[in-house]
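What follows is a set of structures for review.
There are two complexes below, and they share chain A, which is joined by chain B in the first and by chain C in the second.
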Partner chain A sequence: MIDFNLILPEIFISLTLMFLLIVGVFKKNSSSLIYNLTILSLLVLLALVLNLSHIEEAFIFNQSYKIDNLSNFMKILTLISAIFVMLTSSKYLKLIKIFKIEYPVLILSSILGMIVMISSNDLIVFYMGLELQSLALYVLASFNRDNLLSTESGLKYFVLSALSSGLLLYGCSLIYGFSGSTNFDEISLSISNVQYGLTFGIVFILVGLAFKISAVPFHMWAPDVYEGSPTSVTIFFAILPKIAALTVFIRFLYVPFINMIDQWQMIIIFLSIASMIFGAVAAIGQKNLKRLVAYSSIGHMGYVLAGLTTGTNEGIQSSIIYLSIYLVMNLALFSCIFMLRRNENYFENIDDLSGLSKNHPVLSFSMLIILFSLAGIPPLAGFFAKFYIFKAVIEQSMYFLAIVGLLSTVIAAFYYLRIIKIIYFDPEKEKYDTDHSIGLKLSLLLSTIFILIYFIYPNGINDLVSKINII
Partner chain B sequence: MIVHAIFFYTFSLIAVVSAIMVTVSKNTVHSVFFLILDFISISCLFIMIGAEFLGMIMLIVYVGAVAVLFLFVVMMLNVVQQKNTSFESDSDGKHIPIGLLISLIIFFELIIVIGGWKYKPDLLNSISLNISSELTNTHSLGYVLYTDYIHLFQLSGIILLVAMVGAIVLTFRKRSGLKRQSYFKQISREKVEGVDLVTVDSKKGVNIDV
Partner chain C sequence: MNIPILSSLILLPAIGAFFIFFVKSNNKKYQSSKYVALFISLANFLLSLYLWFIFDNTVSEFQFVENRKWIAGFVNYKVGVDGISILFIILTTFITPLCIISVNSTIENRLKDFLIAILLMETLMIGVFCSLDLLVFYLFFEGGLIPMFLIIGIWGGERRVYSAFKFFLYTLLGSVLMLVAIISIYWMTGTTDVEKLYVIGIDTKYQNLLWLAFFTSFAVKTPMWPVHTWLPDAHVEAPTAGSVLLAAILLKMAGYGFIRFSLGLFPIASEYFIPLIYFLSLVAIIYTSLVALMQDDMKKLIAYSSVAHMGFVTLGIFTMTQQGIEGSIFQMISHGLVSAALFLCVGVIYDRMHTRLISQYGGIVSIMPKYAILLMIFTLGAIGLPGTSGFIGEFLILMGTFKKNFLVATIASLGVILAAAYMLWLYKRVVFGKLINDNLKKMVDLKKYEILILWSLAIPTILFGFYPEPLINTIEVSVSNLIEMYNLNVEIYLGKNN
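Take a look at the complex of A and B:
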């Protein structure tokens, strides 16, 4: 008998999204009602997931669906960031006139896909979650359909993502052919010696996953899509799919293929080094803030992958902590971008920040904190994130990786500091509007406070993460 | 057995050749027709290995719906005249050598992989599938679809729902000044307001403009 309590969150979210669609069809002008209901249902969902969080390990559906500490932590992370993303973007959606009933519904279905991905213990379940998640994201990227850039970004993401999905599926079929099962645990049992077929399958699946977290050399879509999509979707892109993809990375590499670490370790090291260097160098010449964030997220993904190369629990935990802190910093940065609004127009170029400190001292100060944290300057949260990664990497005596990481941190610090220079020392511009929604102010406040005081009590998150033991 | 081999190689050859022709042929409509041919020969291959359900679904879904949809799109967008020049022109063809090199490397690696598989026949035995030969494909699918794979089945339903919502969001536009039928109004019309009894005087007529 299946214990349906274990998948209560998934059932609830599917029913909610169908219910919201029906409400949207039969009630006229119900956009804000549905938007608020979505936030409410995300809160209920969070409660449901928290209710399951005491479970150490549980399987359902013939071992293909797994609930454990990793999945619980990642689900909670996903839902909290989703709530904040929704809180920040309601006013933006209204002002650029894409406040439609379908927007929250698509967000919800994408979150359902992510939750399925996070819990998957089977190649088929993982692929279905991935497709559900990305299908909603294609539509969201081109949601502002009258805008040429937005439609272009949606199409670009769709075509490239379909290609990467094809490669990923091919990898799945190879792994199934050579191991005889799609279940992660059974695959790990059936591997006796190194087989070329399995290595090949791993490579293909890693290509597909690296595309999803935009690691170099599969990053080409990221800057264009980040720039073209509506900002509310860009923040979604920058935060949520990375959580799900990282979870699958961890599960896929560390459950079935931990014994083949010699085969995949070099690939992850390459992805990590290339992403760190490219993210640092390519961001220097950018003029658009959203493009800059895209390159910086490529760089940050490099650090997250560096933690995964180690093959130890400490490495995984450092990656998860890095990702959590990265999410908070990105949320804060995007909240700042949302605040650059004058007469119902949003500004997203770096020049628009010029002299911000004269008119908006509080906003500039929080941007200062966020950018310092992104650059990794102590004692802010971003420093600790990098510190844990380097600690885990050096413990495995992978000095080359650590040196490259440190060097690219220095390069990346340049463009973060340049923005601070523009904010504080360049000639000032017109004042921006200050009548922001409470949700936006709240998310900026909470995330900035988190970045500031993380060093006082780092064990709050670290203890939670240290429960995640994969190997 | 020899007949089996002859059929297998015929269909595989058709499949490979038509797959190449899809990319090479200059006329887009021809490409779509080659795609259909490719799907048909692959479905024949499926039927040959005893997967008749998969083969038929392939025919119905891919040939019957997807390929015909492609054909419609190609004909409606009028891209027939556009020439497929990537193999000819010098300016745009610079990516061809690198692409060929990479695909050749992948091709040879695949040969190594499949060669390795062939020389180790014990690998196939490790695949533990208990397929009963008495059941038809459709039966055995039916046994697992709503039991072991119910979550995947429901999830694919949600994927289709999202695809539908997405298509509507991206294409549906509300037009102003459009006259629509209101069933509720039509049905709720009463006799009293719909019919008027008038006494008509002889040779005077009646004014019906209400």
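Take a look at the complex of A and C:
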């Protein structure tokens, strides 16, 4: 007997998105209605997921779908970020004239894919979720189809992502071949000794996943796609797929293959170090804000991966906290980018920020806090995110990783400081418009306050995350 | 219920800053935000004096300790003071209102933001001096980078961007290793509470590495040769109030850190690294004094003299004698007063002439006699003439050093002579001589508020020169307790190895 209550959120979202599609086809000029309905349905979805959040562990569909603390937390994180992303970007979509009915529907289907990924306990279910979210993202990236850069980025993302999905699928087949199952729990039971076929399978799957979170050396798509896509899609790219990919990372490495940690640990350490250093160094020369965010997100993913190298629950928890805080910072930063609007044009070069502090003191102050937090300067939230990671890493005596990580924060601090310098020390330019939507103002305000006062009560998130025990 | 007096001290300026943030910013209201800032910082000063008054200097334990849960099961927010830290707190609360008064003329744009930055700086600096948990200390220590970066960068001189970046990145680079060390200490001992760590002690195998990690951070902040080069740049470009904060208080954080953490937590390693510290301190004293002689920019000259004076401080701390450490603390307080005053003095004539080049001045004594008198007092204080507070500090340090190492003390004494050379030469070139530059004639003598600031720094400089008792009494028990603990640890270690 299948308990359909457990997948009520997934059923609800599938039905909603079909319904919205039909509404959009039959009713003229309904983009605004659909946009608002999407936000509403995300709220309902959040309520449904919260309703299930007391469940410690439950399986469904022959153990291939899992509801536990990890999936609950990550789903809530996904949904909250999705709501804020939707709130921030409505005005932008209208102004660059891509406010169409397909947009929210694609976003919803991508979110459905992520939620499936987050709960998957089986390679096939996981692959299905992954493809669903990626397909929606290919279209979203090229959504501004009259724009050359946007089309290019969609195509680029499609080609590279399809390649990585192929590798990932090949890895799945290797693992199935050597362990006889696609279910994570069964795989872990069938592994008795190290088989090189399995190691190869792990490597292929890690390549696919690293591509999704844009870890070095599988990062090449990120800067172009971030720059080319419409900003409202870039913010989506920068936040949501990472949550789902990290969840799969955790589940895949820590459930079936925790006993083969000495096989994959070095790979993750390499990915982590390479991402941290590359992200820090490559961002220095950037002129476009979105491109800079792409490089900085590569660097930040390096820290998230550093938490995963430890092989302990503390490590996983620190990665999750890091990701959560990073999402808030990213949301805040993109809210600021959305605010750089003058006469219906959006600006996204770093030079456009010049002297911002004279005309827009509050906006600049928020950016100051966000950027120092991204650089990891205490007492802002970004520092604590890094602190938990290094705490977990040093517990395992991986001093090399910790020191490299900390040194690259110093390098990274340089380009964050550069932006602050441009905002605060440089001569001013023309004023920007200030008539922003309430959703945008609200998300900037809330996220900045979160970053600023996280240190007063850090236990809130820590308590939630400390329930996530995989091992 | 007891009032949490230390937390009030820490929070009060932050609340003031918060309040000023919401004052509407048009030009007339700037005055009101200034009065708010002044009022808050004076209230904080009185509160810290009250703290000193009720402080019991006959016991060595930490007093007014507050211990609250913070990051669950890991770090507590713990603050407390002993005889060493209380003086630095008073120095901080004393210097801050003077900085706020001095912005009258120096800061023209964005006064409101400047006051917020200064008040936040005060919060963080007081936090550094009373935190009794390594992580809390780190938080305050690093947090200070943000307002200081902005102070130098927004209100600084021509090369302000370069200096602000250099200051920020140097200090950040120095500090990250300290964070690794703090986390390692947590995993070794299970706590980051300083008081508990004093009792538990840290495994001697790891002390050297941990000591070095802390040392890199403190050495950059002190600053010690060869990582001192950020200081002259930062000082030259910072606005007057920024230089004052930097010289008077920020540099003292590192000296305080050496005493509290390097000596207290890693006694064996400290003993091991004494020759290194002696060497670096001597280089700082002799080399930077020589460099100071050759400067043609007044602020740069005083900045280099700060490096030399801090060289005395580190030398004194690592003599591990009662005189040496007391002298170092005394020297830090005295340097806090004197260097603050010297930077303010430079600020006074810079406001009038808009140049800091020594060659542009000369013969000021005939137009600004009041200024000449005050500058004389502070010059003599910087030289360490008997009767000023600088003398007591340097004398005690040299006494402590002679006890331990004759050669080092002899070389260090040469530094005193060099200090006299560059300070008196500076004074001669600026104040005496002929009035060559006609522009100088337009200069007016000190205004009322400048007189107020400078005399309120001159009085303690002279007072503590003749009557150092109150300061010495406050620190005596804490210092002797520290040394006792230190010697005990070293003896046990040596006993084990023989």
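Convention: the second predicted complex is superposed on the first by the 471 of 471 C-alpha atoms of A that agree within 3 Å, B and C clash if a C-alpha of one lies under 4 Å from a C-alpha of the other, contacts with A are read in each partner's own complex, and residues count from 1 in each chain.
One rule holds in what follows: contacts are C-beta pairs under 8 Å (C-beta built on N, C-alpha and C of every residue); 3 or more make two chains touch, one makes a residue touch a chain.
This one's a predicted model, so the numbers in the text were calculated from it and none came from an experiment.
S.K.: A:Phe178 in the overlay: touching chain B, chain C, both, or neither? Say first, second, both or neither.
M.R.: Touch partner of A:Phe178: chain B, not chain C.
S.K.: After superposition on the shared chain, which partner residues are touched by A:Phe390: those of chain B (first), chain C (second), both, or neither?
M.R.: second
S.K.: Just to be sure I read the superposition right, which of the two partners does A:Tyr138 touch: chain B = first, chain C = second, or both, or neither?
M.R.: Touch status of A:Tyr138: first partner only.
S.K.: Using the superposition described at the top, determine whether chain B or chain C touches more residues of chain A.
M.R.: With both complexes superposed on chain A, more residues of chain A are touched by B.
S.K.: Could you tell me if A:Ile403 is touching chain B, chain C, both of them or neither one (first, second, both, neither)?
M.R.: second
S.K.: With the touch criterion stated at the top, can you tell me which chain A residues are shared between the chain B interface and the chain C interface?
M.R.: none
S.K.: Can you check the complex and tell me which residues of chain C touch chain A?
M.R.: 25, 70-72, 113, 135, 138-139, 142-143, 145-146, 149-150, 153-154, 160-161, 164-165, 168-169, 172-173, 176-177, 179-180, 183-184, 186-187
S.K.: Can you list the residues on chain B that touch chain A in the complex?
M.R.: On the chain B side, the touching residues are 109-110, 112-113, 116-117, 123, 126-128, 148-152, 154-156, 158-159, 161-163, 165-166, 168-170.
S.K.: For a test of understanding, state which residues of chain A touch chain B in their complex under the given definition.
M.R.: 7, 14, 17-18, 21, 61-62, 64-65, 100, 102, 105-106, 109, 112, 116, 124-125, 128-129, 131-132, 135-136, 138-139, 142-143, 145, 174, 177-181, 190, 195-197, 200
S.K.: Which of the residues in chain A come into contact with chain C in the complex?
M.R.: 361, 368, 372, 377-379, 383, 387, 390-391, 394-395, 399, 402-403, 406-407, 409-410, 413-414, 417, 420-421, 424-425, 455, 458-459, 462-463
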